[in-house]
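Structures follow.
Here come two complexes built around chain A, the first alongside chain B, the second alongside chain C.
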Partner chain A sequence: MASLMETLAIATTGMQAQSERLRFVSENVANEDTPGYRRKVTSFEEVVEAGRRTGMVQTGPVELDQSALARIHDPGHPLADQNGYYDGSNVNLVVEIADAREAQRSYEANLRVFDQARKMSQSLLELLRR
Partner chain B sequence: MFDRPEIMQLAQELAGHAARRQERVAENVANADTPGYRARDLEDFQSYYAARGEAHMHATRAGHVPTASFGTPAGAVIDTRTEPSPNGNSVSLEAEMVRQAETKHQHDMALAVYKSSLDLMRAAIGRGR
Partner chain C sequence: MDIKSTLAANAYSGAKPATSVGSAKEGNSAAGLVQSFSETLRESEETAKKAMTGEADPQALVQALAETQLAVEAAVTVRDRVVEAYQEILRMPV
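Up next, the complex of A and B:
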């Protein structure tokens, strides 16, 4: 029973981490047209407590993607320099959508694991009901 | 009191093994996108139970401490040996789903056996089911 409860906790951290990742994706997509915006990226890491691997997962520190910003030609733009260019964002929608799909897929997998652990503990308790 | 029949003990071990294996599956799925993470699995129940039987010591005198009181070993954790992706992560969600179906089957089987042994004992004391 204890390991089933542990399973539920681990699957929950998985879902939390994936939804956090999805939040950064939505921030990036929303700011696609913001001049000078750098996309936020985060990586996952395993939670280690007192030197022991717990199997839980968390998102690591948020970093800004340092790849080059898009140079957009628009002489009428208030931020445009003398050549008529200004710095856009470095968000690539295709990458963001792919990232969102991957987050969704992993989230669903975690949800399935959660559901099965719940069913297993339920059938365990069923033994007492008679 | 009487000792629990061996079949019920076996069923309990099997259910416990399935639950611990499910925990490994949960860890792997949670870390499906963690760079450098290696997928882990438990050894199968057969070899786990055999190893446990060898470690079992018989208590022949009143002063002997039964092995069961040391707690059951959790079973060895093994690497799944799947090919890692470019970021060093070796979790395959498909393999984990298959493994999860296996643990479900194992757990259901253990509970079914346990339940019917319970029915058997009820029948023996004349209560029926």
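Up next, the complex of A and C:
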């Protein structure tokens, strides 16, 4: 029973980490038109408690994508230099959509594991009732 | 006749420990069980409060509620078993 309870806790941390990831994706999508914005990349790491690996997951520190910013030609823009170019963001919507879909799939997988563990413990208790 | 009643009393006192409500060790483990059960309930209540005020994730709330549900189910099942056993004893022809 204890390991099933641990499974519930681990699946919960997985769901929390994936929702955090989706939050960063939404920040990237929202700031697609922000000049000079660098997309945020989510990193995951295992939770270590008192030197012991717990198997739970958490999001690490936020990292910024260091790839080149898009050069956008718009002479009327207030940030434009003498050639008429300014730095846009390095957000690619296709990448963000793929990332969001990945987060969704992983969330669903964790949800399935959660439900599975719950059903297993329930059926174990059901056995006592007969 | 006198000897027989003494024997009966001896047998009764000999059998009495078997019906006493658990040894010290058993009592401790049962108390620990109840303790952890109430702990689970208290934790889930706190998580529910936190989720309502936006401090905790909905995922944590769902996890706490699922754990509480399992704990309550286990407790109810054990209680049903105990009551059933007690009734079985009451039905025993004397």
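In this section, the second predicted complex is superposed on the first by the 129 of 130 C-alpha atoms of A that agree within 3 Å, B and C clash if a C-alpha of one lies under 4 Å from a C-alpha of the other, contacts with A are read in each partner's own complex, and residues count from 1 in each chain.
The working rule: a contact is a pair of C-beta atoms (placed from the backbone, for glycine too) under 8 Å apart; a residue touches a chain by one contact, two chains touch by 3 or more.
If you're wondering where the values come from, they're calculated on a predicted model, not measured in any experiment.
Participant: Following the overlay on chain A, give me a clash-or-fit verdict for chain B and chain C.
Facilitator: fit
Participant: Count the residues of chain A touched by chain B and by chain C, then name the partner with the higher count.
Facilitator: B
Participant: For A:Val91, is the partner it touches chain B (first), chain C (second), both, or none of the two (neither)?
Facilitator: neither
Participant: Using the superposition on chain A described above, determine whether A:Ser3 touches chain B (first), chain C (second), both, or neither.
Facilitator: After superposition on chain A, A:Ser3 lies in contact with chain B alone.
Participant: Regarding the shared-chain residue A:Ser19, is it in contact with chain B (first), chain C (second), both, or neither?
Facilitator: Only chain C; A:Ser19 stays clear of chain B.
Participant: When the shared chain A is used to line up the two structures, what angle, as a multiple of 10 degrees, is there at the CA centre of chain A toward chain B and chain C?
Facilitator: Value: 40 degrees, nearest 10.
Participant: Contacts for A:Arg112 in the overlay, against chain B (first) and chain C (second): which applies, first, second, both or neither?
Facilitator: After superposing on A, A:Arg112 lies in contact with chain B but is clear of chain C.
Participant: Is A:Leu125 touching the first partner chain B, the second partner chain C, both, or neither of them?
Facilitator: second
Participant: With both complexes overlaid on chain A, what's the closest CA-to-CA approach of chain B to chain C, in Å?
Facilitator: 9
Participant: Report, in rising order, the residues of chain A that make contact with chain B in one complex and with chain C in the other.
Facilitator: Overlap of chain B and chain C footprints on chain A: residues 11, 114.
Participant: Once bound in the complex, which stretches of chain A touch chain B?
Facilitator: Those residues of chain A that touch chain B are 1, 3-4, 6-7, 10-11, 13-14, 17-18, 21, 43-46, 55-57, 102, 105-106, 109-110, 112-114, 116-117, 119-120, 123-124, 126-127.
Participant: Which part of chain A faces chain C closely enough to touch in the complex?
Facilitator: For this pair, the touching residues of chain A are 5, 8-9, 11-12, 15-16, 19, 114, 118, 121-122, 125, 128-129.
Participant: Contact residues on chain B for chain A in the complex?
Facilitator: Touching chain A from chain B are residues 15-16, 18-20, 22-27, 29-35, 37, 93, 96-97, 100, 103-104, 107-108, 111, 114-115, 118.
Participant: In their shared complex, at which residues does chain C touch chain A?
Facilitator: Touching chain A: residues 57, 59-60, 62-63, 66-67, 70, 73-74, 77-78, 80-81 of chain C.
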